[in-house]
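Note that chain A is present in both complexes that follow, paired respectively with chain B and with chain C.
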Partner chain A sequence: MTALAEDTRAVGLERPPLWRRVLGSDQLAGWAFVTPAVILIAVFAVIPIGWAALLSFQANNLLAPAHYIGFANYQALAKDPAFRSAVVHTVIYTALFVPISIGGALGLAVALNRKIRGIRFYRLAVFVPVVTSTVATGIIFLWLLDPTFGIVNYFLHAVGLPQQKFLQDPNQALYCIVGVTVWEWLGFDVIIYLAALQGIPQDLMEAAEIDGASRWSTFRSVVLPLLGPATLFLVVWSTINALQLFDEVYVMTRGGPIGSTTAIVFYLYQQAFSNFSAGYGAAIAVVLFLAILVVTLVQLWIGRRRVYYAS
Partner chain B sequence: MPGVSFDEVTKTFSGETVAVDRLSLEIADGEFMILVGPSGCGKTTGLRMVAGLEKPTSGVIRIGERVVNEVSARDRDIAMVFQNYALYPHMSVYKNLAFSLKQKRTPKQDIDRRVREVAAMLGLEPLLKRRPAQLSGGQRQRVAMGRALVREPKVFLLDEPLSNLDAKLRVQMRAELKRLHARLGVTTIYVTHDQVEAMTLGDRIAVMSDGKLQQLGTPQEVYDTPANVFVAGFIGSPPMNLLRGSVRSGRVTAGDFVLQRADVPDGELIVGLRPEALRPAMNGLPSIEFRVDVVEPLGDEVIVHGSVAAELATVSEEVEDAALPGANGLRTEAVARLSPRDRPAEGSTIRLGVEPAEVYLFDAGTGAAIR
Partner chain C sequence: MKRYFVVVIAAVLALSACGGGSSSSGSGSGKHVNIVLWHGFTSPGAELDAIKAMTAEFNRTHPTITVTPQFAGNSDYALQKVLAAIAGGNPPDIAYLYGSWSANIATTPALAPLNSFIAHDSSFNWNDFWPVERGVATVKGQIVGVPALVDNLALVYNKQLFAQAGLAPPTANWTWTDFANAAQKLTNPAKKQFGWAYVNDGSEDTVWRFWAMLWEAGGSILESGSKQAAFNSPAGVNALTFLQNLARKQSIYLDTGSGNYLGLFNSGHIGMLWTGPWDLAQIASGHVSFGVQILPADLNHQTIAGPDNWVAFNNGSARSHAAYEFLKWFTSPAVNLEWCLRTGDLPIRAATTKLPGFKQYLAKYPGDRVWVQNLNNALQARPVLATYPKISQVIGQAVQSVLLLKSSPQQALSSADQQVNSILAAPS
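Right after this comes the complex of A and B.
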């Protein structure tokens, strides 16, 4: 102990008591603020994820006592033709959904980014499907696409085109689901793009015009690069969304016809809650989680190289 | 290289706001023309109509012999420097400079040669790989200039290009602009609200207010013989002192200021005294009593702020001096520019005289100069 410290003590300037230091510290206040959120995240995210990871190493039917079987679930998964076809369906779905919804949204956003009469109505109309319940949308499309009574076939008939089976045709059902989900989610992407478009200064467009750029060239060389951050966000977000396809399949096709719309998450659901192979389902969840993680990291890595961010 | 002409050009926004009102203006081939005026006077709208970014409501705009009313901006072969530069933020300086040439499908090696020429001319060579965000304000300004120069345009349009620079850089760029224009001889239209820029840069200046052309002439003409009270108050720094006065049988009075002018008919008028025309009163010179408030020494001169015992002639918002109540009716704030030798004490009252030839008279009703 130094002489100075002894002096301090001598004149009665000791540190305040422990309880006061604890109560008055910034750390305590900080923890007090974040604890509710930490508890919520722990209970509803971290613990289930950890539990699912454990589950994936078990034979578990959610009723009988579970026992550990090591990597057996994963080994079975690697050889499971049904899982492989679920992966194929999911990849096809994602490869269609992501570019179509983002490209379509970009076109719509550009069209809606102008001052015309009733523009608020159009913007609202585009966004309504996003806030409509997936189940309601699914049921509406079941009716619209009904081969016998559906209005779509009625119109096809009216213009002399052949009748389609849509969701009941194994060759069409997945593409119908792509169409329905694109319709559902387009509005979200449009809003993101509209916000980004409105962030582009008008004088950049004017500068490009004066520089002799055509509309297309202005769009390609000025607008599109400046929409980069929005596009990267939408690609990452839409890909995650697409790889987790479930609701529409559950409501409209239950994975059929003949498994043609069984996506990974729907297959997981079947395994875990229809076949009561919870361990196997958990293994699927873990694989999907890792796949999404890798895909997202790759996208972000590419994005960092290619996307311009305003400082 | 062609000139630019406005023929009775009017621009109305949303049917009511008249931004430019029957503007007629001939800008000669190779001329450096300044459009100057307070904000909202229509100068920028005028420039944007030449650029093709706004369409005239009526009237004709020509670039050379060609009527361009219906020609889109991209086909006018003009270059423009925007007030905040409008550089493409995601492109390097090189790409910013090359963009317009690329649009014209110029061969790659020609683009490279032009870009490097212009970069050398403006001292941008070490910055070619940077993005605009990595440049200082002055450097961005140069890139914006370079982007315009690289295309060898027919007409060069500049919209307050120096207003975002600090004072020192502004003086530097002003000289550089003048050098560039002398070297390239491109017809240039330059919009500014800064009358110092207008005076120093322009071959001729067009003073605008309320969408109307107030006066067109060389800087010296506009300064020496302002066409009306608006131009008198706007051109010159500090601005001209404008006092309410009257004439009775050849005797002009404004407060205690008296001037003999036999040629002016009786009536109300406005007396204009340039701050630099005022000097300590000598015998025989018309003079005015000046109460000194603040003295600003600038080294080579002193700016003296004070008040005179006369009524303010309000002509526009630009000349918005406050009228102070005084002992003999109203007092008006006034400014004088004196030699440091004549520096008065703050709080003192002095008499300042002026040569009769340097007194400006304006019609109180129309504001037009009485010569």
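Right after this comes the complex of A and C.
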């Protein structure tokens, strides 16, 4: 850079003044277009994230003047049994939610990827839960899963199965939340898979058919590899989503019964906004952010070696 | 991390960037002062209409002050918004805040100096407010706000279900044994009918009902001085045993915190509730013929009250004075009576109940009579401590584990005792 600058000066080429270079540049229009978005993202995302990181080194209740306490919040976090169980709940939830929702969506997408009567209706029906408010579905499921008055227990009774406590049983509540959230998010995954299925070149399918491949081996060796990029996207996206579980817990169980559904973000919320430990809450947020970053990088690294990208 | 945290911090930033808002047009005496009041009264509602009409009345009779009421969203989240406004350096002059937040609010330097206003003004008559209100509004001697609302728990029952079960209605002399017997007789699994309902979400809603039972059994929450837990006592075991016995007999409908119990009471599936005047409007709008009685006694008939406050913030001396002027007027007996008549809320001070017009209130809201009398049974306040929310979470889980039959009363109390003592011992 410097050498080049000296060179141009040496040959006596005059560079135009800065303002002329800026105004005349093709990039100006581009920058003008992105600036509003950049400002919004900076104000509502980057600066708060930076602030949260700063907060995590403070004793801060958001009311009294804060003071810096170094890594004390993080040290307390390492020894906090309630945080540890929140991590366990979140990991169990993620380990169930991600494979069940993606596997279920794959099956449904294959079933919906055909030309039959009313297919638009089925596709719409699958997607409706995604666009329905989480609070509304949460309250509906509270009624459906009510041990005495819920319709689910009514059906169990009708077919002679024992009555369940569902959200009121500490051993069942987390799995109920897995079920509800899978139902809620399945449609999103289905749409992604449907788009990917329709992007599979027809000639590859015909070639497989001509080679005498069975339907299963066509699916296994042609369709599935070509869905790789969509699967990778869904795994990364669903994992991030699952690790941030909050709304359903907040609406349906408040982390209970007996703390059995307290996930990391719900615990963070309790600390920051019920217990007035904003610094401690921020430390949890930072740890969660780093965990998500690491998990995502690992997934992408594995994905790069395993996923087939058609050129 | 994503939603709430970032949104609140973004709001702090946005507010601090904007600044401005309302301001006094001058700080000298005799100048006109504008102040802002944040409330959570939703539309349509009697409270919203009342606050609009009554601030207008104040503004008309006090030409140097203009109070502007502003809806600040659901009161459950009022503190988060006030926090953001304080951080932005522009808090409202007056805000409706829950009493359970007092100890934390007291840590902010942004409060208006209510103590000195009240101390220099004998006509304010601070001691006329109910003791439990003063207890919740005062943190280590500092008055953080003026009482805004008081309520308490009483027994609401379905008269028809009582008659069907051949039971006499509850009396003011009822004991826990009477209550438990009635609850069992009102329980009928075949008809999906329960004797009682208990909010079992582990929140403060779960906890405060237990405190009422603890006090009725003669127990205390903390030792005096608030250094040590006191609920792990024979009284505590009595209270939780009472609860667990009814739970074991399937006599309690466990509400997950969504308030389903109200609809079930109104459809005749629940015989008795322990609830407050806030549920009265919905119960009265149903088809159930209901009665209200004070809580049954173990050793006594104590209840628990949950007072909320109008907290005044310091935006300079002129605005603080104006805020105090308004609160003094607004909580004066005659004005409070007008508020009660408009909204059906309970009177916040004794003097209101001695006004001749108070008969009109009892005639208009006959269901409120017992809750007004029951204020005399609200003898104790919950500990006003910054760590109270943490204590509440521990107790919430203990009560849940007893209701769900996952641990015995003694096990639950011993484990909670240990946790609460370590919360109290931690440096704040």
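Brief remarks on what is shown
Keep in mind that, in the parts below, the second predicted complex is superposed on the first by the 280 of 311 C-alpha atoms of A that agree within 3 Å, B and C clash if a C-alpha of one lies under 4 Å from a C-alpha of the other, contacts with A are read in each partner's own complex, and residues count from 1 in each chain.
Definition applied: contacts are C-beta pairs under 8 Å (C-beta built on N, C-alpha and C of every residue); 3 or more make two chains touch, one makes a residue touch a chain.
Just so it is clear, the structure is predicted and the values come from calculations on it, not from any experiment.
Clash-free side-by-side placement of chain B and chain C is the outcome of superposition onto chain A. Once chain A of one complex is fitted onto chain A of the other, the partner contacts of A:Pro65 are limited to chain C, with no touch recorded for chain B. Of the two partner chains placed by superposition, only chain C is touched by A:Thr253; chain B is not.
Of the two partner chains, chain C is the only one touched by A:Ala45; chain B is not. Once chain A of one complex is fitted onto chain A of the other, the partner contacts of A:Gln168 are limited to chain C, with no touch recorded for chain B. In the superposed model, C is the one of chain B and chain C that contacts more residues of chain A. Within the superposed three-chain model, A:Trp143 lies in touch with chain C and out of touch with chain B [touch as defined at top].
The superposition places the C-alpha centres of chain B and chain C at an angle of 150 degrees about the C-alpha centre of chain A, rounded in steps of 10.
Look at A:Ala207: by the touch rule set out above, it reaches chain B but stays clear of chain C. When the shared chain is aligned, chain C comes close enough to touch A:Phe276, but chain B does not. In the superposition on chain A, contact of A:Val265 is made with chain C only, not with chain B.
Here the smallest spacing between CA atoms of chain B and those of chain C, following superposition, is 37 Å.
Judged by the document's definition of touching, no chain A residue lies at the interface with chain B and also at the interface with chain C. Against chain A, the residues of chain C that register as touching in their complex are 1-6, 8-10, 13-14, 79-80, 83, 86-87, 104-105, 107-109, 192, 194, 200-203, 253-254, 256-258, 260, 264, 269, 386-387, 389-390, 393, 396-397, 400-401, 404, 406.
If you check the complex, the residues on chain A that touch chain B are 201, 203-204, 206-214, 217, 221-222, 225-226, 228, 308, 310-311. On the side of chain B, the complex with chain A involves touching residues 51-53, 72-76, 78-80, 82, 84, 86-90, 99-100, 103-104, 133, 147, 151. By the touch rule above, chain A contacts chain C in their complex via residues 43-45, 47-49, 51-52, 61-65, 139, 142-143, 146, 148-149, 167-170, 244, 246-247, 252-259, 265, 268-270, 272-276, 281-282, 284-285, 288-289.
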